[in-house]
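The following pair of complexes shares a single chain, chain A, combined with chain B in the former and chain C in the latter.
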Partner chain A sequence: MDLTVEQEPGAITIFALTGELDYSNFEQLVDAARQAYQQGARRLLLDLAGVEYMGSSGLVALHAVAMIFSGQEPPDPEEGWAAYRTLTDDVEGHTHEFVKLLRPSAQVVNVLERTGMRQFFEVHVDRSAAVASF
Partner chain B sequence: MTAEDSRPDPLSLLDPTALAELLEAFEPRPGQQGLALFTSRGTFVAGRADWPEAAVHAMQRELTDGTEHDSGSGFEALPLQVGGETAGVLLAAAGVGRRVLDTLRRALTVLLGQARELRDAADEQLAERRQADLFYRLGETIGATLDLDQIAGPLTVVAQRATGAESSALLLHPSDEAGGELLLQASVGDPQRVAELVAAARAAARGSAEGGNEVGTSATEPTSGGPVLTAPVGSGDLPLGVLALGRSPGAAPFGPREERLISALAAGVGIEKARYHGRELQRQRQEHELAIGRRIQLSLLPRGLPQVAGWEFHATYRAAREVGGDFYDFIEVPGDSGLLGLSIGDVTGKGVPAALMMATTRVLLRTGATAGASPAAVLAGANRQIVEDNRSGLFATVLQARLELASGRVTVANAGHEPPILVRAGGRARRLPLGGALLGLYRTVEPAETRIALEAGDLLVLYTDGVTDARSQRRGFFGERRLLAAIRNARGGTAAAVGAAILGAVDAFSAGAPQFDDLTLLVVRRTGSG
Partner chain C sequence: MSLLATLRIPADADRLAAVRSFVRETAAAHGVRPEAVPDVVQAVDESVCNVIVHGYAGDAGSVEVGLHREGDDLVVRLSDQARPFDPTSMPAPDLDVPLAARRPGGMGVHLARELMDEVRHRVPPGSGNELTMVKRDAFGPIKTGR
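Right after this comes the complex of A and B.
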């Protein structure tokens, strides 16, 4: 999967992804988000127009990215049984303000809808409208 | 206190709410409370809480000698034995029937046995992984010293002690470049053994120069020496030396555990000098972890299919090379319930964390379903526990069903999973409704339930996205429409024939393209009234 980073005026970061988002590369997306946040990014638009297929690991990545941009470090799968950090109630149940999706394919939208994660993300079809919505 | 004592009680791995529901289901009269579960240490877990003190004390006394008490005391304490250990105690008031008690006790023993297996398997795999990790980091720490010559002594001592070898030796090339005869830097053990190690190490280095750079156990001459184990320090592009271990003649050969440990140690040492090879080692560790995850997962799949009059079942599970996470289960509801539970699901992620999550989810679903709880309650209960414990940020989609074996009625609840497909004997087909959120995301879920009635010849097909996301060279996906067509074409055949037909269609479609995800397929066919 390719990931390119762009900056829009108004401090909005855009990740353009192409290829497939699945178990083999979902961590790449989370690492990139973490890095951007650490460098000061606070608003992220994920341009998914080039993503032909998203597996269930993509859900983990999207959720983790949303948590990072809400100022919370997501849980680390490496910890397994060991306690790391609790999920707070703030993230759950609200549409994310700081991470939005642009032009996800029908397959991606289907997966989000089927698993109940669709409502967390604002979905845009037009890039300038997406940027202006932040 | 031994190491064993500090491991979690199998009973604590089970959901107390589900256990309470299980006990409730066995009470002779609704609302009456004559049953309770305690841990093997006498801590209350579920059921009736208000026993007279005398009852609890007597029970605790009996726990120490593990015998049953039966008399006019008005209660009975039944230890639950799993694998030779007492995993819990069932306390029953007079008035609860013998058969009921025996059935409940059997059910609890099965549950506890599973929980214990899960605990032991997880512990063992984690312990192995942690040990290999420890050795790797140890090697890294030692190797962080700039001069290999300086750490040669400590390294040979660590290697020898940690693996229980009799002798050890570290040989290095004269300079940091490859080539030149290996020279002995440091050793532990008697000079004759060490001389054998030197010979073996030089032979191994010559062998690697020709190709192959692996840890090897060399066979030794019959007249001399015992088993020898060598591991390269450095890597193929930058061989630095060889670390060798030996045992006395006639001793058992070194095994895979020692190979892994010495390999990790040697690799760690070489890492500072060969930093650009770090990525290769990382990949190996990841593959190792994926393999462990896979083993845990496979060990927990059901061994057979239910044999029930009036019904046919078929199950296919195909593991993808790397990815894990699919699971399925058939759950008997004990005590002449006439109910059969069915789960199918898919955990996100890969490797050990995903396999552990899958194992936990499966146990939670099984606990709820064994009690005969409705599928929506099973999912809600499992979700509660998963969210509470979910430090790993993983999720699971699950489809939970309950079959009423005599009537053919099926109740289904769906947490984010692919909805099952229903095909009637006459050919009418539909997909059941989409479900609610997957497990692990929300603190509470209240899944809707769908109820259908299966008649003779009707088919219900449950599957994971490995089926519909199977892809072909031309980059399309198999999809729901093709699945529906395959089922329709095969209806009239047995469940096994329908399963085979679906897989045949998937294989024909993908025509040799690699399988990216686990594929699971369950076919349920009603053949008549039971």
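Right after this comes the complex of A and C.
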């Protein structure tokens, strides 16, 4: 998986991901998000157009990234989904405010929907509209 | 049931991409319906990942992926020597409730069961695990939805 970082006005950062997101590399995304947040980014748009495959590890990464941009340190992913109980206050009943998705493939959308995670993320198809939505 | 191809990998998450490529290429070479391939790729990826991460849990070992054809069905058989664990015994997560109310773990198992028509587990003689997953009509005619 490759990740390129772009900046937009308003402390909006865009990660453009390409390749396959699985257990072998999902922590790269989390680490990049943590680094961006520490450097002042406060809104993150994940451009997933180039992601050819996402496993369930990618879901863990998406939630960890959402936690980081909510000002929380995500739990150790090895602890599994139980650790994500702490995220509840941020996600229950509404979408993440500071992390949004752009142009996910049908496979990525399928994974989000089949795991019930689609409801937690705002999904955009147009980059300008996505940036303006923050 | 006829064997199409097998792949044996060490229990290393860095080999998951090779597993996915193997499934895609074997499926394409043997005429699996294109719309069925992503489901099979994901089910295999999630299941092999579970064996590596939770079954072997850092110990050395290997996983064998076998792809078979039985009539119009594609049958995937995963074999390993990790500690016996039956993923089909895990309850399905309730996707209608918030994350906090869900049982931990099992997203990969849930996806495999969602994407395949049948998932069976057994402990073969001598221990380890054998997971069999079936995609029905994977070689059948393209469905138009009409």
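The definition used in the following text is that the second predicted complex is superposed on the first by the 118 of 134 C-alpha atoms of A that agree within 3 Å, B and C clash if a C-alpha of one lies under 4 Å from a C-alpha of the other, contacts with A are read in each partner's own complex, and residues count from 1 in each chain.
In this text, a contact is a pair of C-beta atoms (placed from the backbone, for glycine too) under 8 Å apart; a residue touches a chain by one contact, two chains touch by 3 or more.
Note that the structure is predicted; figures quoted are calculated from it, not measured.
Trainee: For A:59, decide between first (touching chain B), second (touching chain C), both and neither.
Mentor: Both partners, chain B and chain C.
Trainee: A:116 in the overlay: touching chain B, chain C, both, or neither? Say first, second, both or neither.
Mentor: It touches chain B and chain C both.
Trainee: In the overlay, answer first, second, both or neither for which of chain B and chain C A:35 touches.
Mentor: In the superposition, A:35 touches no partner, neither chain B nor chain C.
Trainee: Would you check which partner chain A:95 touches, where first means chain B only, second means chain C only, and both and neither mean what they say?
Mentor: In the superposition, A:95 touches no partner, neither chain B nor chain C.
Trainee: Contacts for A:22 in the overlay, against chain B (first) and chain C (second): which applies, first, second, both or neither?
Mentor: Once the two structures are laid over each other on A, A:22 reaches both partners.
Trainee: For A:4, decide between first (touching chain B), second (touching chain C), both and neither.
Mentor: neither
Trainee: For the three-chain arrangement built by superposition, which of chain B and chain C touches the greater number of chain A residues?
Mentor: Looking at chain A, the partner in contact with more of its residues is B.
Trainee: Residue by residue on chain A, keep only those touching chain B in one complex and chain C in the other, then list them.
Mentor: Residues 22-24, 53, 55-57, 59, 80-85, 87, 92-93, 107, 114-116, which sit in both footprints.
Trainee: State the interface residues of chain B toward chain A in the complex, per the touch definition above.
Mentor: Residues of chain B touching chain A: 122, 126, 322-323, 325, 346, 348-354, 356, 387, 390-395, 397, 416-418, 434-438, 441-443, 465, 469, 475, 477, 516-517.
Trainee: Within the complex, which stretch of chain C touches chain A?
Mentor: So the residues of chain C touching chain A come out as 13-14, 16-17, 20, 38, 41-42, 45-46, 49, 52-53, 93, 95-96, 98-100, 102-108, 110-111, 114-115.
Trainee: Which positions of chain A touch chain C when the two form their complex?
Mentor: Those in contact with chain C are residues 20, 22-24, 53, 55-57, 59, 80-85, 87-88, 91-93, 107, 110-111, 114-116.
Trainee: Okay, in this complex, where on chain A does chain B touch?
Mentor: 22-24, 52-53, 55-57, 59-60, 63-64, 74-85, 87, 89, 92-93, 107, 113-117
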